[in-house]
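Order of writing sets the chain letters: A, B, C and D. Residues in each chain are counted from 1.
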Amino acid sequence: MNRDQLRILLPVVSLAVLLAAVFWLQPRAMSYLGLNLLFNLAVPIALATVAQMMIIMVNDLDLSIGTFVSFVACVTATLVQTDPLLGYLVLAAGIAGYAAVGALIHLRNLPAIVVTLGMSFVWGGLAVLILPSPGGASPEWLRSLMTVKPPLVPMAIVASVLIAVVSHLLIRRSSFGVVLRGVGGNPASVERAGWSVLKARAAAYALAGLFGTLSGMTLVGLTTAADANIALRYTLLSIAGVILGGGEFTGGRVSPVGAVIGALTLALASSFLSFMRLSPDWQIGAQGGILILVLAVRLLVGRGRGRRLAA
Amino acid sequence: MTRPDSSATHPPHRHGDTPVTSLLTFLRKPWLWAFIAAAVTFAATAAVTQAGGFGLGMTALTFAAFSVLVGIGQMFVITLGPGNTDLSIPATMTLAGTLALKAMAGDPALIPLGLAIALASGLGVGVLNYALIRLLSIPPIIATLSASFLIQSAAIWSNRGLRVKPPQALADFATGSALGVPNVAVVAVVVAALAWVVLERALAGRRVLAIGQNLRAARLAGVPVDAVRFATYVSCAVLAGLAGFLLASFSGGAALNMGQEYLLMSIAVVVIGGSSIAGGNSNVPGIWGASLFMFLIVSMLNSYGAGAGVRMILTGVIIIAIVAAAGGRKVSR
Amino acid sequence: DTSGKSIALSNNYAGNSWRQAMLESWETVTGKAVEDGIVSAADAFTTAENQATEQAAQIQNMILQGYDAIVIDAASPTALNGAVKEACDAGIIVISFDGIVTEPCAWRIAVDFREMGRQQVEYLASRLPGGGNLLEIRGLAGVFVDDEIHAGIAAGVQEHPDFKISAAVNGDWAQDVAQKAVAGVLPSLPEIVGVVTQGGDGYGAAQAFAASGRDMPIIVMGNRHDELEWWKKAHEENGYETMSLSIAPGVSTLAFWVAQQVLDGADVPKDLTVPFLKVTQGDLEEVLASTQAGGVANVDYTLDDAKAVISDAAQ
Amino acid sequence: MTIPPDTTPVVALENARKLFGAVRALDGVTLAIAPGECLGLVGHNGAGKSTLVNLVNGGLNLTEGTIRLGDGAPSPETSIAAARAGGVRCVFQELSLCPNLTVTENVRIPHRALKGRGWRGRARSIVAEKLAEIFPGHAIDPGAAVGALSIAERQMVEIAIAFSVFDEAPRLVILDEPTSSLDAGLAEQLLSHVRRFCAAGGAIIFISHMLGEILDIASRIVVMKDGRITEERARGGFDRQGLVDAMGHVAAEGGGAAHAQARDLATAQIVIETPDGLKARRGEIVGLAGLGGHGQAEALEQICLGNSSSWRGTRSPKVAFVAGDRARDGIFPVWSILRNATLSRLPALTRRGLVDAGAEEELAADWRRRIGIRTDDLDNPILSLSGGNQQKVLFARALATSAPVVLMDDPMRGVDVGTKRDVYDMIRAEAAGGRTFIWYSTETEEVCQCDRVYVFRLGRIAAELTGADITEENILAASFEMEAAE
């Protein structure tokens, strides 16, 4: 079996094992309703993880995705609701902002971590300005979209599959996605073939902005309202999701399907912990423990590729 | 190849600099920007203070001291190269403060024990972090994040969030000043001076810098990379332990949410201070400049009555502006 | 009879002394109730980070686990509504307290945070008829409690126009953050006669004032042990007087009993209020004596307290 | 000139100059390539061949002079897009595929027109066809990730991609050392393809250090030296020795070999012995030979890692390492020359944890003199040095230590002839003083100076040669596992 297959197989296996454990602890989860409850809040996380993956794909890291999703949620629960035209305009401006950040990082050769750290303050401040206290309301169509009950398979699963398939087609199958991944793999070669790495990086960031926007909107659809701190956690969650899903921090090695699975795994891990009924003192620590466990398994298996020094 | 080639555009350095060129070299010092920014915000804040700038300056030194302590540790970690960041600093501060204050139980005779416990908990965290990174090959960011959850739980479990008062003598020390300079600032200056010596004069610092630029080359050149990286993560955690000990003593007891704001702060002061996040290029004075700046910018915006939202936006914009002005990494690998 | 029923506590944050006291009260009171066979289980759950999304997932898990009632201290009044609605739809009783939720199907045991803010200014007005400059320490931006208390304070100042809020800083409900923010803004402020707070930040403010060498203003405290102790000492030294108020962490036990009553079939109105715990100069000694060192002034509620609160509300 | 009068050149350079700061990489080159021509380009390391390639394919801009593509106008500016539109394709010296993409996906990077529905299928069939055409009998799966392929396979893929036809057909294909990682069979397949391509009217620039290939395939040979074209002759104008002379190479002097035989090391103590059977004695110069990428660098790396600790630093290391791939294995790009030079010796210059700055400067100054690092100030950044001088710094770093064994990973890349001689002498002197050298080199004449040679093939030691057996023929034979060479 080659590395690429391993990369995607491992997340699938860990998800399956975890799911089996959850079903064993809580047989009630093994139902239409149960699966939906287990996974529906993973949908926005999956979207945020795919957004983070776009950035990691070009060898950068985004520390602002959590505050950006919060910002989008605030806009969606207020402006999109009251003044749709302006609302969508603001959302589009957010995506453009992301692209601009990517361009700035490339042009000035800046460390992405710092710039996105700065942006996290900016998005957070904007969110607080738009929605100083929690509230707002989800647009009706969004709410009904997120609570739709398709036959046979619950919405959460349908949505996860949809996200995985669309991002897979975009990043892994399309000719456009190949160039973006090429930037992560060997920017010099992409540049030598006459592509503008600047444009490619800006495009990757814009895609991150787009998926971040979708994440914020679906989140509002699920929670029915927003607040300025609603998704801060998504930043670290999304990074962990990408890595769990078999992505690597450098080299353009990312897998959209893996990222979605990674996000589902993380969501499932915390459910698993609450079904375990640990002492409240150790509930927080257990989340760290399970993260370590899943990653350790991944790397133990990945050891096979020898003990060469990291370049 | 549209970008100008760096080695080609780099003017060779000549002896016998004219004043103009030495000014130019000075302007290229990466830490300068942090101090300029701090000075400007200081002036802007002092302009609206009644009592002039002295009180503000002393306050800034006090609070910057805590950022400096954690910032120095974080700087050494970041210097190890891309991907190295310690996200467990806040949890370590909490754990160290909690354990130490509980052990002292307000008894001045036990202050040395308390300090030892704080530093030892830092040591323990450092060992845990590097074990995760090295033995399980977990990327540092995720390893230290996961560790921070475990540490947080340990802090909760050890004392359930009760605020134990520090011994009076310790509290007096932490809040007091010597010759007008806050004691904590003195501690931070001493630590910064030591860090400077380590970074600029010691073999250990040279090795950290080498690893940050090129881990592989460092290993091949005989640098004991594991020992150095281990020591770096441990010192970062020990410094966080010290900072937690002082902060708990300073603010009248350890709280479970004590170090939270130092998560982003420790990273921010490192990069605003002019260290390159790409590793191998660090400086200690910049951390002081950046720490002062990070405190003063909030004071300034508070003094001018900016709300939370505007304050955050301006903080973010200014961070980006400083980093963009100081320029990216000139030398590419 | 509720002996076969199970209740869960959904808590979003464990990182401060108030929340720890809240969890401890829950453990002592419900532990005994389970032992006495009043309910079959009363489990407490806490999320790792203070995030509405994580808490919503936690509530959904509780639905799956088949609890009969869920007691919530919510991260956001609105962002959990989706999950709360799902719980109600599954036939689960949902009781929110402290951080309440706006979803109509849930019960709310509310503290009138607005009133809490207003009373602070009222008290200051009684002490300082001439008015003056106030410093406001706010909580975490974008959080409901912060906004409510702030609104109450603003209303109070409107009632007493002699007062002026000359600065507001965010202390994030943390001693060290408050201390830092106050210390940073003090040099630029005129004379301050009073400090209005949100709880957990009074001691930090006092430290900052002491360090600046200014006159100590009247700082409204938030029932933390260290605040009360500092106050007592200052009173003994120079007759310093103030007041202290906060919501008692034991309100979680009140919520537990209310949940038990609802499960028992009692007719309970959806909106209940619980008085906040106020400490005046008169009962300072007494409260301090009964407060755990390093903790928060607290009351554990009994079934009878709950019945009283319910019948009060029903009238 | 050999251009038939009625044929428009595919590319014509007029007085092309390219400066990198003070370095004259190209210094007034005039060159035209006609359709159907196979231009062989030879020259010493750093002569400017790769720079020329980058100018023609639009990757670099001219500092001076003009370039003309096809029947366009001469212009001082060029771009990658224009060059591609003019039918210029390039196989670079250092592999330039994206390791994270599959073979099929790598086709997409240079071929911009390849998009829309079914692009993957088209790319796959075209590259598979081309691979089969150039390298019949190959076993490359177009769906495999490039990172999982061997070096030779990657080279084959890159060649196939360059020759593939999507939008416009290639008119000029530049091959920069394409055979350095191919074995003789594959190289011969490539040469036949080149012949067919030229016969069909295509133009080729063929760069190689394997002079036999050049003499065999080129219809015209151009010799470069220090950024200039020094000689240019049609096929048959050079014989092997003539070509070597034209390149200005020190012809194998035999001095090295004599020296090797003069010493008797059979009784010397064995200082290095690996499980694969590599042995080195005290004072011995051991050569590692064979085609590039066949495990020599890995063997050196293993010896280096196995004889040093990542947990304990020491004042007296057992081994020191001289990197050939400078950027990857040697240079600390942020640092000054001084710091780069002294790193390995530093523990010995340290007292109570602090570096003795005076002693450090002294050491660096000493080595600057001994090895002739050309700079006016050792505090200048390392990257301000030319490649060859950077390499000298790496030599200084290793030789300054007290290590009894020095490992050298093809260390003469970019080092000029004069310095090479100095370094050879230094190595000999150190060896006479009891130091052991294990030396991987791609240049056979360097290997021929060694006391003992191990020839690597496919990651294993294929042959061990000593004394008089160390000849170019024997090494080649072992590298290709043929009976006897040519």
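Keep in mind that, in the parts below, a residue touches a chain if its C-beta (ideal position, glycine included) is under 8 Å from a C-beta of that chain, and two chains touch if they have at least 3 such contacts.
The model shown is predicted, which means the values in this text are computed figures rather than measured ones.
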Return the chain whose centre of C-alpha atoms lies at maximal distance from the corresponding centre of chain A.
-> D
Distance-wise, how many Å sit between the C-alpha centres of chain A and chain B, to the nearest whole number?
-> 29
Rounded Å distance between chain B and chain C, as computed from the means of their C-alpha atoms | 34
Can you give the whole-Å distance between the Cα centres of chain B and chain D?
-> 44
Flagged in chain A as touching 2+ other chains are 127-128, 132, 192, 283-284, 287, 309, 311
Multi-partner residues of chain D (each touching 2 or more other chains) | 59, 301, 305, 328
What residues in chain B touch two or more of the other chains?
-> 1, 149, 152, 156, 160, 216, 219, 276, 307-309, 312, 332
Where do chains touch, given as pairs?
-> A-B, A-C, A-D, B-C, B-D
Sort out for me which residues of chain C touch chain A in the complex.
-> 11, 14, 23, 43-54, 56-58, 60-66, 76-83, 85-86, 102, 140-144, 146-148
Given the complex, residues on chain B that touch chain A span 1-3, 82-83, 85, 87, 132, 136-139, 141-143, 145-154, 156-157, 160, 215-216, 219, 264, 267-268, 271, 276-278, 307-320, 323-324, 327-329, 332
Contacts from chain C onto chain B in the complex sit at residues 14-17, 19-21, 24, 48, 138, 141-142, 167-170, 172-177, 179-181, 183-190, 203-204, 207, 210-213, 224-226, 229, 292-295
Residue positions on chain D within touch of chain B in the complex are 19-21, 23, 54, 59-60, 301, 304-305, 308-314, 317, 320-321, 323, 327-335, 339, 343-344, 346-347, 350, 353-355, 357, 376-377, 379-381, 383-384, 397, 401
In the complex with chain A, residue positions of chain D that touch it = 57-59, 79-81, 84, 90, 92, 96-101, 105-106, 108-110, 112, 114-116, 119-120, 144-145, 147-148, 301, 305, 328
